[in-house]
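Both complexes below contain subunit A, partnered by subunit B and then by subunit C.
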Partner chain A sequence: MAEKKAVKLISAEGFEFIVDHDAACVSNTIKNMLSSQGNFIENELGEIRFPEISTPVLEVVCKSFYFKLRYANTASKNIPEFKVAPEMALELLMAANYLDM
Partner chain B sequence: MSMYVRIKREKLTVFLHCDGTDTVAQIKGKLQELLQKPAEEQRLYKDGAALEEDKTLAELSVANDDELAVAYKLEGSNEFEPVNIDRFDSSAASHKEDSP
Partner chain C sequence: MAGKPKKFKIEPFKHPLKLDPNYADNTWQLLESAIHEINSHNASGLSFEELYRNAYNMVVNKYGDRLYRGLMETETAHLSKVAGRIEAAQGDGFLRALKAEWENHNKSVQMIRDILMYMDRIYVKHQNKATVHQLGLDLWRDVVVRNRRIRERLLSMLLDMVQRERQGDIVDKGLFRAMTQMLVDLGQPVYCEDFEAPFLERTSEFYRAEAAEYISSCDCPAYLAHAERRLAEEVERVAAYLDASTEAKVIKVVENELVSRQMRALADMENSGVVPMLQQDKYADLGRMYGLFRRVEGGLDLLRTTMGNHLKETGKALVMDPERQKEPVEWVQRLLQEKEKYDLLIARAFGSDKSFVAALNSAFEHFLNLNVRSPEYISLFMDDKLRKGLKGMSEDDIEVVLDKGIMLFRYLQEKDVFEKYYKQHLAKRLLHGRSSSEDAEQLLLTKLKTECGYQFTSKLETMFGDIKLSREKMADFKEYLRQRGTELAMDMSVQVLTSGMWPQTTASTTCNLPRELEQCSTEFAAYYLHANSGRRLTWQTGLGTADIKAVFGGGTRKHEIQCSTYQMAVLMLFNDAEALTYEDIEAATAIPEDDLKRVLQSLACVKGKAVLRKEPMSKDVRPGDRFSVNDAFTSKLYKVKIGMVTAQRENESEKAETREKVEEDRKPQIEAAIVRIMKSRKRLGHNELIGEVTRQLAARFLPQPQVIKKRIESLIDREFLERDSTDRSTYVYLA
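Entry: the complex of A and B
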């Protein structure tokens, strides 16, 4: 299996999340950033900073990437709910809007 | 069915695709590239307990979305550093620049 590059996402507080390229591309915004000629590559690892996304929100965003990858193309009826804490919902919605996912 | 685990150390979280049949050694191998840290200098923990090298994730009952910790071998010794995961503290939201 040819390993696609991983991507490093950095939250407002400087916490780092390394996710698979495929997973990050669930977000159209990130996909465009990575595919454009823009130079985001540092140490062969794409790094993207999100100064407006806090750490807990970014972690849930990353989880949702994997959730989507896992369930997007399944026909199965028993897809679990993606649970979100109510107090995070608004911030998460804004992040999702920005990330276009 | 693919699953993933979240492997943490300090401020870093690695989301890693894996399979229940993967061994701990295989996971370290995958981490090796991402962390630029040789597999033999990594030690993985789940809930504070070190994971055995040749067991599979299923045997260790590591499930989807589980959180693991990785510790590195200390330079110039055979000891491993203690598990250290920085937690985000929303009460300390004022952004402080960490000294190196």
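Entry: the complex of A and C
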């Protein structure tokens, strides 16, 4: 499989997160954006703007991509806890719903 | 953190456009225009995220319904236009346009589904609506494919393509495949209703017409080949561009039209139907017919019955042919050929189908039992094989030949008649030492035993035992003579037979032995009765043979004459006399009249073997004829064999006699069966009893009901049974 290039995710405040294609595809929404037929702008530019996701939330989202990638298919039982600040939990939950992950 | 507990407040999700009353309309307009762009393949520049976010927000803000309805309306309107474009396409372009539009539609729906993913995930699921993908298919089905003008045109074009291909044209299979795939994608019912059902109907019409045409213009093999090819073509067609589910259905239709409806006509076709094919050993064509007929109900029954009837007819002709019956061995050989032919046929053309083997067997059983002489002929066949046919054959070959004989034997209903003949023939072989292989005899005996059980062969085994014992006895006898210093005037061999076990021993056939032999027989009798006191020896001179030396031509030509004991007794008389009259001979030998006439005939009237001269020179022997030694006798061979009686087809009187004996022997068997049954059942109705007796005796013969009835009456007379006092058709066993 040809190596997929990295994807740029941009937060509401304009911060850019560059993540691996595979990691970004943990989100079904992002996966669809990048694989949908037709030339949507995201697919052409390789970057996706999220005007409704704030920088701190997006950062945690990106971390969780890699976390999931790392542990999703391990048989090991000692998977560390993915810690989330309580005040961010709700926003994160909504972002997760939005991103379908 | 003590003292000042952290306040944790859950704020509602802040939405910028939350209160805008036109929010839904605005957002929908945005999405609607995007859908238009997508439908016209102009999606580049659209932001997936934006569209997704808008759809997301609409669903989150409870405008899902609005979104869904909007999508439906937009798509319906779009597809109506598409339908219009497709309709406008001319000729072959129609299908291509349909295909292209279908592909575009799929692509668009896919993209719309992608951006409306959130709706699919949440709204559609909760409301139990069709997903965007399904909606796309449903709308395509209702708006495009089931558009009246498109539907009819599509169907007629597809059917036309099939028709053209059946007639040998080449059609665009890819296009066809795309169309059927589209119909299948729209749902199996759509495929079935809009295409398959009319297709099957058309197929049926096509092949009905074709079958009618071919059946009148082709011979049976050509028709079969054609039908087979057509079936293969239909299978290929389904694989090439129809849905796999159609295969079984279309094949059934074709089978029905090409095979079911025509099979009787095919089977009975003059000059090329089943019977001519059987006659001409057309394995390939028959195999093809079997392959086709087995597909349809009743096909194999028809083929099997036709074969069975033909076989019965030819078999009957064969079995009853008076010419063939003159040569019983040939007759059996011919039947075996027929059997082999059909065995091969069933193996090669009918896949060794068990039901066909059964039909073959029942046909053989049927016609073989039509001729009452079959048991005799089969025994003669075996006799022939055992006497001369097996020389130089390996053990395996011998077994094959014997197995064939046994196979025919198995078909016989009157196995006891066979036994009777077999016994006669075996006796002749044993007594005259004519059996070519003792192993083969034993083998056959074992086979008969496995077929019919111990009872069937017990007498035959006694016969073998007698012969073996006699051989030992003779060695012992020689030793006895040597010890006593007695010398016999000639070499003698005696076979002691158990009376009652051998067929010939019933009628006493004896004669006066020449004095040279008297000494021998007296010696033997003395020896035997000494060793086995209490027994009685009866000489069966009619069955013996003798080798005698004779001198002809004034002592110039020496010959050894092989002949029967009777013949020897007659010849020996001429040691003392030049010429003798018939009456002299009869008085001296005391040979029964019939036998004597035959003996004299064989000695004096057979050309090239006439060691006696007869006056007058006529064919028949009459009282008053004079006999003298034929001094002019010549022969190229040193050993001269004088016509011995070998197993021959019986003449009419002998046949009747054997028959009578058989009938006589059956009586006690039937009675035994009746008593056995009644003893265990105590009471039994007439018909049940007859049925049970028939069943019990089936392994040996097929008793006639009248005969059984006579036996029952005889048993009633002898008070084994009585009729029930109230029900006259019921018998009661009397202990």
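Here, the second predicted complex is superposed on the first by the 90 of 101 C-alpha atoms of A that agree within 3 Å, B and C clash if a C-alpha of one lies under 4 Å from a C-alpha of the other, contacts with A are read in each partner's own complex, and residues count from 1 in each chain.
As a convention for this text, contacts are C-beta pairs under 8 Å (C-beta built on N, C-alpha and C of every residue); 3 or more make two chains touch, one makes a residue touch a chain.
Nothing here was measured: the structure is a model prediction, and the numbers come from that model.
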Would you sort A:I48 into first (subunit B), second (subunit C), both or neither based on which partner it touches? second
With both complexes superposed on chain A, which partner does A:M94 reach: first (subunit B), second (subunit C), both or neither? second
Just checking: does A:A12 make contact with subunit B only, subunit C only, both, or neither of them? Give me first, second, both or neither. first
On the A-aligned overlay, A:A23 touches which partner chain: subunit B = first, subunit C = second, or both, or neither? first
Could you say whether A:C62 touches subunit B, subunit C, both of them, or neither, answering first, second, both or neither? first
Touching A:R70, do we find subunit B (first), subunit C (second), both, or neither? first
Report, in rising order, the residues of subunit A that make contact with subunit B in one complex and with subunit C in the other. none
Note: in the complex, subunit A contacts subunit B through residues 3, 6, 12-20, 23, 45, 54-56, 59, 62-63, 65-66, 69-70
Within the complex, which stretch of subunit A touches subunit C? 28-29, 32-33, 36-44, 48-52, 86-87, 90, 94, 98, 100
Which subunit C residues qualify as touching subunit A in the complex? 8, 10-11, 13, 38, 41, 43-49, 52-53, 56, 107, 110-111, 114-115, 117-118, 121
In the complex, the residues of subunit B that touch subunit A are 1-4, 6, 11-15, 17, 33-34, 65, 86, 88, 90, 95, 98
